[in-house]
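Would you mind keeping the following structure in view while I ask a few things?
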Amino acid sequence: MKLLIRRKWTLSFLRAILAEFLGTAVFVFASLASTIIWNQIPLNIQMQKAHSSDNPVHISLTFGISVAVMSYCMGPISGAHLNPAVTSALLAGLRISPIKAVSYIFAQVLGAITASGFLYGLTPGQYRGNLGINSLSPGVTQLQAVGIEMAVTFQLVLCVFASSERKKDLANCIHLVVGLSVTLGHLVAIGYTGCSMNPARSLGPAVIISNYKNHWIFWMGPLAGGLLGTILYDFILAPRWKSFTD
Amino acid sequence: MKLLIRRKWTLSFLRAILAEFLGTAVFVFASLASTIIWNQIPLNIQMQKAHSSDNPVHISLTFGISVAVMSYCMGPISGAHLNPAVTSALLAGLRISPIKAVSYIFAQVLGAITASGFLYGLTPGQYRGNLGINSLSPGVTQLQAVGIEMAVTFQLVLCVFASSERKKDLANCIHLVVGLSVTLGHLVAIGYTGCSMNPARSLGPAVIISNYKNHWIFWMGPLAGGLLGTILYDFILAPRWKSFTD
Amino acid sequence: MKLLIRRKWTLSFLRAILAEFLGTAVFVFASLASTIIWNQIPLNIQMQKAHSSDNPVHISLTFGISVAVMSYCMGPISGAHLNPAVTSALLAGLRISPIKAVSYIFAQVLGAITASGFLYGLTPGQYRGNLGINSLSPGVTQLQAVGIEMAVTFQLVLCVFASSERKKDLANCIHLVVGLSVTLGHLVAIGYTGCSMNPARSLGPAVIISNYKNHWIFWMGPLAGGLLGTILYDFILAPRWKSFTD
Amino acid sequence: MKLLIRRKWTLSFLRAILAEFLGTAVFVFASLASTIIWNQIPLNIQMQKAHSSDNPVHISLTFGISVAVMSYCMGPISGAHLNPAVTSALLAGLRISPIKAVSYIFAQVLGAITASGFLYGLTPGQYRGNLGINSLSPGVTQLQAVGIEMAVTFQLVLCVFASSERKKDLANCIHLVVGLSVTLGHLVAIGYTGCSMNPARSLGPAVIISNYKNHWIFWMGPLAGGLLGTILYDFILAPRWKSFTD
């Protein structure tokens, strides 16, 4: 009996790890693909057959929709964090165990690197560019970049905690709202840093093209923003213990 | 016992004020950031690396999604007005107390100014521009600007009152519809005035860059449009007392 | 007693008429405004301050979102037809009375003309253009235009009938789907005819700028497409009487 | 009595076949129409009256919204597969019978060809172009094309299986998520192959303009990606029998 329970726990846990790996891989593959610029041809020829995608709306929609779709698919299996900053915020809010957090983050990072490798192989060399790596726009300081990454991850983590209050049967709409929050972050931050909000998404292409310039910003900013969101929302705005002493 | 109730009321009220401050700050920060024009470089170079966001669809989506996301997060805590025109309309419809209305508007205005200050600090000087301030396009008269701002705020306030009729358990979709209404206003009015619909959103960047030209329009228009919406929807189209004498 | 019932019916009916007038007016005002082209200035200057909206995605989103938002607001009051082709299809499907159909269409047409007049007054002369009137693109024949208008209205009316099968408590999502259907029609047909799908939307600007060229197409196409949708969906695919003899 | 049941089954089945034919036809007609490039005129003239639609966001939204809308309409009648790769995946997951699968695929293919023929007739010759046929962008190898088509169909089929777990009364949101998944595939793959994800969508215009170059890719890729999705999601991540031995 004990063995059966243990085995069930193990299988469910392995499925959750696989779901984080697969969900992050699909989301990172799709999102990085949307940053590829196809029409590197003169403007007048472009009018005939343009497949440009160097458009912040295009990229922002792709990041948000891929997160919404994978959250929808993986939500019932793993909770669909798909992001070390989200997993860390949930750990800081005492909602998941350290062992789960470490396993999820490992799966997310592995998924992102695998996806970046696949995208590298599936894209013709002349279009690969920097494979959608995060970098600072000219004039943006490291401090400004950390601040912007904190801001956009802050609002994502507010959404994640707000969702945990909602009733189960509205689970579909929750995934849509989280996707909108990711799109929002990109509409805001693409101009500053290309928008990370997610260290795994930044690490994937950095590993494949071996470029770690300013890479620490895309761990520091999202993790700090997520922690700030945890403190403000889960401890101050909507504390779970408020029904007791409040 | 009485003390406990009082303390609970006070804490809930303070949380609501904080939620209005924070929700308006995130929404204004994100939305103004979307108006920044990054690619002030020759057109042929842009094709290599373009981060343009001077695009009405980009800006309209950012305003609407940021309102949807913050409404989703702050809705259960404060009702998520995030806008002095919405708070005033709800006051005119006798749905909130004057003390609540004044506190909320104060928090919204403070949130918008704080957000504008943060955005100023986080954005390189050469890109700040007018920080997304509202202004009249060439050829648009003050009367036309007031009319357009009335029209777009009118439909937002219709949505707010229509939402108050809906069942609680559909709360998620309500936030999406309010976000769509804000996006709609911007798709319509950006060409005329940059689209305010929200005096706090207009005051924030005006204070930071000290430019109050035509600023009265962005209080007068939204407040008058909201009042018109209250009269038409809450008093004529769907009066709450219709079950009695009607 | 009888008098009370009669008065209630009359008041509800008058409110429904007002809701059709107001909903159509807001939708037509917003949608036509989205067709205005603001940046009639050289391309290099545009990069500094561009408010262009001559973009099919911008226009399609505006039409769809304004219908979604007004359907959400007016749905509980009048059913939110907002379109003579929808009202006619519901009449053909024996779902509303002829007197209601005539009253609704009258209110819709009046709303559209009023909205077009307001937009004319609120827009500087140099930007008014043709006020978003429907017209055939060069090379498109009248027969092709009727066919395209039939096709896009056909799918809208399928949505309307499919919605009537859904449970009441999902009413919010129904409005979103109808809005998506209107956006879809515009993404498809803007290139052919500017996309009508709605005779009231076409008549409004035609009256204000006195241009009725090919105007019959924008009644014939949507009405025929709506009738085809009624026959296929309400009589063949999902007949209401199928539980009896089927 | 037996006869009555048989007749009912037959009528329901015929309605389902008709729904697959009609739903696929509307979706393919609308989506191919969105690929037409209307503004083949010099750039400076475009500013006056531009109806360009050669924009990946425009095309991606049209594919996704048309699938969402037709899924919403046809879902209660046929399940709204609208895609041989979806039908094949459901067959591989032992969720539909072979006879149903073959009938559905036949209806989908016939609907796509019919729609492509109608679009050919309704579009002026100078704009028809290649009628939105799928083709490989310069530099993309056949292997890369198969890989990309597998990837985007894989995530669509994950969504389809994830939806089958959801409660019936959230059916509306399910259709929206499937539409988002189709939009996602196009945002990713338009640059590589024009994005098929659906062999019927590829076959339709290929038949009408008699161009079958690389056509096998648009059957092989989606069918293989769908099978991979079935194995991973329906057999490993969320197996239906897990409540028994797991």
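Note that the chains are named A, B, C and D in the order they appear, and that numbering of residues resets to 1 at the start of each chain.
Methods note: a residue touches a chain if its C-beta (ideal position, glycine included) is under 8 Å from a C-beta of that chain, and two chains touch if they have at least 3 such contacts.
Here the structure is a predicted model, which means the values were calculated and not measured.
At the interface between chain A and chain D, under half of the residue numbers involved are used by both copies, so each side presents largely different positions. Mean C-alpha position of chain A lies 27 Å from that of chain D. Taking each chain's centre as the average of its CA atoms, chain A and chain C sit 38 Å apart.
Counting partner chains per residue, chain D has residues 43, 55, 57, 173, 176 touching two or more of them.
Pairwise chain contacts present here: A-B, A-D, B-C, C-D [touch as defined]. The residues of chain B lying in touch with chain A in their complex are 7-8, 11, 15, 18-19, 22, 26, 29-30, 33-34, 36, 38, 43-44, 47-53, 55, 57-58, 61-62, 65-66, 68-70, 72-73, 76-77, 118, 121-127, 169, 172-173, 175-176, 179. By the touch rule above, chain C contacts chain D in their complex via residues 37, 39-40, 43, 54-57, 60, 137, 139-141, 144, 147-148, 151-152, 154-155, 158-159, 161-162, 165-167, 170, 173-174, 176-177, 180-181, 183-184, 187-192, 232-233, 236-238, 242, 246.
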